[in-house]
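Order of writing sets the labels: A, B and C. Residues in every chain begin at 1.
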Amino acid sequence: MSATTTTATALLNISGVNKRFGGLQALTDVGIRIEQGQIYGLIGPNGAGKTTFFNVITGLYQPDTGRFELGGKPYSPSAPHEVAKAGIARTFQNIRLFGEMTALENVMVGRHVRTHQGVIGAILRHKAARAEEAAIRARARELLDFVGIGQFADRTARGLAYGDQRRLEIARALATEPRLLALDEPAAGMNATEKLALRELLVKIQAAGVTILLIEHDVKLMMGLCDRISVLEYGKLIAEGLPAEIQKNKAVIEAYLGTGPV
Amino acid sequence: MALLTFDTAHKPRQAYASMAILLAVMLVFPFVASQFGNSWVRILDMALLYIMLALGLNIVVGFAGLLDLGYIAFFAVGAYLTGLMASPQFAALLESVVNYSPALGDSLTAMFGESIRTDGIHLSVWAIVPLAALVAALFGALLGAPTLKLRGDYLAIVTLGFGEIIRIFMNNLNDPINFTNGPQGINLIDPIRIFGVSLAGEAGSRATVYIGGLKLPSVNAYYFLFLLLCIVTIFMTSRLQHSRLGRAWVAIREDEIAAKAMGINTRNVKLLAFSMGASFGGVAGAMFAAFQGFISPESFSFTESIAVLAMVVLGGIGHIPGVVMGGVLLAALPEVLRHVVEPAQRTLFGKVLIEAEVLRQLLYGLAMVVIMLYRPAGLWPSPRKEDRPAAALAKEEAEEAA
Amino acid sequence: MMMSLGNVVCRRAAQQEKEKPTMETFIQQILNGLVLGSMYALIALGYTMVYGVLNLINFAHGDVLMIGAMVGLSILKFLDASFPGMAGGLQLAIAIVGAIPVAMLVNVLIERIAYRRLRNAPRLAPLITAIGVSILLQTIAMMIWGRSPLPFPQLLSSEPIMVGGAVISQTQVLLLVLAGCAMMGLVFLVEKTKMGRAMRAVAENPRVAGLMGVDSNRVVVITFAIGAALAAVAGVMWGANYASIQFAMGTVPGMKAFSAAVLGGIGNIYGAMIGGIVLGIIESLGAGYIGDLTGGFLGSNYQDIFAFIVLILVLTVRPSGIMGERVADRA
């Protein structure tokens, strides 16, 4: 990672996001800046607005204000499928797989945004269509192997173990060829062994050149994994920096543990 | 059902063998049935059209999970288009245009030729079929567009509303300009003519078709045409199901938000579902109009939309063989009832207590309730659990746990 | 189709419209709209209450209206045969009082048998079941009461009452009064009684209501019962107003009433009342003036499409309706 980074080389540069739901100001002037190749963490107490921020970045919610740039170019978070096309893929806090499809088919759906055969190709199955379909299938298998569930390719997604479902969701997101992979609490509900395996997987993904933005509650996991961390509380950024700094940050400690004698 | 399988992915040899057997039976059927008169073949002719409809609706409801309660509107569009373009109706329309605005009337005559004043327009089947498919597809997109952001039950009601609106227009679009001839409907619609041979038989041949040296009753001729169209429909919908587009449809059905997040343009994909589904309905409608020679708004009511929906739901929602079976059962059912149940009642009770029509409706209603309560995946659901909608699996899991 | 497509007064008014547009005609249209709207409001309340607690469109609700009308007619025939001298108004009252429990029973049975098991199923299943129930009700009615339209006797005086140049019948006045009383009664029930509070709690969040000791099944049953009672009143009054009923009479008014419920804000009983009245007026004015609006191209026989157009517009432009939705948080 280069030591001198300017705005031009940041992969994701977001600033000034405000979002209001009726009477509740969910996000106040939130921004984030992620460099290419980082694993970036977003933490904060429950209800701080982390998933809301995710939803805004990925187009599920419309922000009231905000500037959004991916790879130096502005992008409009107006529609989720446009965001995916631009290069941000995500997973969900409550796993959202296509339950009745097989694991393989789930990942194949992830290839949709980078492929283009339509009605004609479907019906005629001409050479180009067959080639694309074979490529989709092959790539999907690759990704299943990459995340470690290759052996479950033909299993119905609903039937997979919880940890494998999380992996499947990641594989599906990776199938969209994202530049930024946004994971919403991927370690939720996992035991220590599973978390270790997840950590390895994330490092592997980073090594493959994908930048990662991560919401998590497991502080230990985050400290060991992330290059930089932002902290949200009540919709506002209260701290940003290296993990070591965050750990010692007074405001952060207060947010999690409350004020009073420690 | 275990003997017949159509799962080409997992059991190819058995699947193709099943298909071959079925095809053989279907090809031989009319020759056997003709021994008993024309009625059974005629019943199957209508059943084949219903199967096409069910397969088209299966794209919308089964694949994409969009509950369309007004699907018959596309059947009507295809039928009325044929009624307008392959019968004397256009002459009547022109007359009314002339009454309303003489200038417009003259320009239309100039475009199409003097004969349309007296005879109307008579396009051939080769023009009618693609036209019906196209116009129906357009209507599909048009009627689907307002529903894109609606949740399931609202979507259903809005599509129902559209179905009704189309029917009301068909019933009333005869004044001041006579498009549809109102409640009287359009008759004298041209039969299908293929390579100069009319499938209704030439005048005076008593509905017999002569091809080369062969002699066929007209209903048999139509039977083979409709069988061919059905096979083409099955082929096309099956290909659509197992494709990038088919996966996108199922993704939307399973979890629309996740589908969007994975880059699927749900608006366009949903519109495609409506359009593709509608186009099959339109072609079936065109065939219906030509076959019957006469159409009226009564054939395109909400009851008909429900009948087609019932075929999809009862047969096996999303599963093509199941849908075909549902179509055969429910289309043939009224006739079977009439030929079997009514005489049975006479023998048992001395008179007909429940007419066939009434019994049919009762069975429809009961079937829909019972199937949803006890077998929501349909009578012949997909052997692959992946193809079944969530309701069915949730039910099965509950049963297994109990 | 049937008389429900436009009552006679409405059509005549539309014709008068073409000859001589006047203020009186306008008032007539408004009055017709109020009458029609009260009918829709009564039916819409049933839809909206059920949707509020169960997130379910009771497709068969229109047919419950029909059952109310049919039972009412049967009662009238019985009274006519057994007590020939009885006053028309009394007959009508007995018919209504008799139709209500039958309609309630039917609706409660429907809920118990067809809907309860599917409470947590994806939305497709109960909707299809509901359609099946609707078909069953219509077919059974057809078997009991026959296929043809049945004439409803004239019970109240047909002397028209003049209201500022417009005409209204005694039956229509009674309808307005009944509708008004029913709505006031319902508001009182929902706002001031314990059961009403329970209904609102279940409508808002069934699980939490359960935790607070509310038996949500019982609340659901009562919701269905009340909706049915209102539908029965509407059914009998429909027969009295249009003088003819038939086994299929419930479908179209049902759909229109549902549109009214959505227009007002689904789940919101004030919304159903307002939506019903507004839709009635829109339909009445629309049918009256559509000829002029479209240069003679479309006539009042297109009346039925207004409800659907309103529905589509509302769902496209402002899905929460006039008063805002109130649907259960079933997450």
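We adopt the following convention: a residue touches a chain if its C-beta (ideal position, glycine included) is under 8 Å from a C-beta of that chain, and two chains touch if they have at least 3 such contacts.
Remember, it's a predicted structure, so these values are computed and weren't measured experimentally.
Centrality annotation: B (chain centre taken as mean Cα position, compared with the mean over all protein Cα atoms). With centres defined by CA atoms alone, the chain at the far end from subunit C is A. Centres computed as Cα averages put subunit A at a distance of 44 Å from subunit B.
Mean C-alpha positions place subunit A and subunit C at a centre distance of 50 Å. In this assembly, the C-alpha centroid of subunit B lies 33 Å from the C-alpha centroid of subunit C. Residues of subunit B in contact with at least two other chains: 389-390.
On the side of subunit C, the complex with subunit B involves touching residues 55-57, 113-114, 117-118, 120-129, 131-140, 142-143, 251-252, 255, 258-259, 262, 296-299, 301-302, 304-305, 307-309, 311-312, 315-316, 319.
Residue ranges of subunit B in contact with subunit C, taken from their complex: 65, 67, 69, 146, 149-154, 156-158, 160-162, 164-165, 168-169, 172, 175-177, 302, 306, 309, 313, 354, 358, 361-362, 364-369, 372-373, 376, 389-391, 394-395.
Against subunit B, the residues of subunit A that register as touching in their complex are 58-60, 79-81, 84-85, 89-90, 92, 96-102, 105, 108-110, 112-115, 117-119, 121-123, 125, 129, 132-133, 136, 156, 158, 172-173, 175-176.
Note for the complex: subunit B touches subunit A at residues 236, 239-240, 243-248, 250-251, 254-255, 257-266, 272, 276, 385-390, 393.
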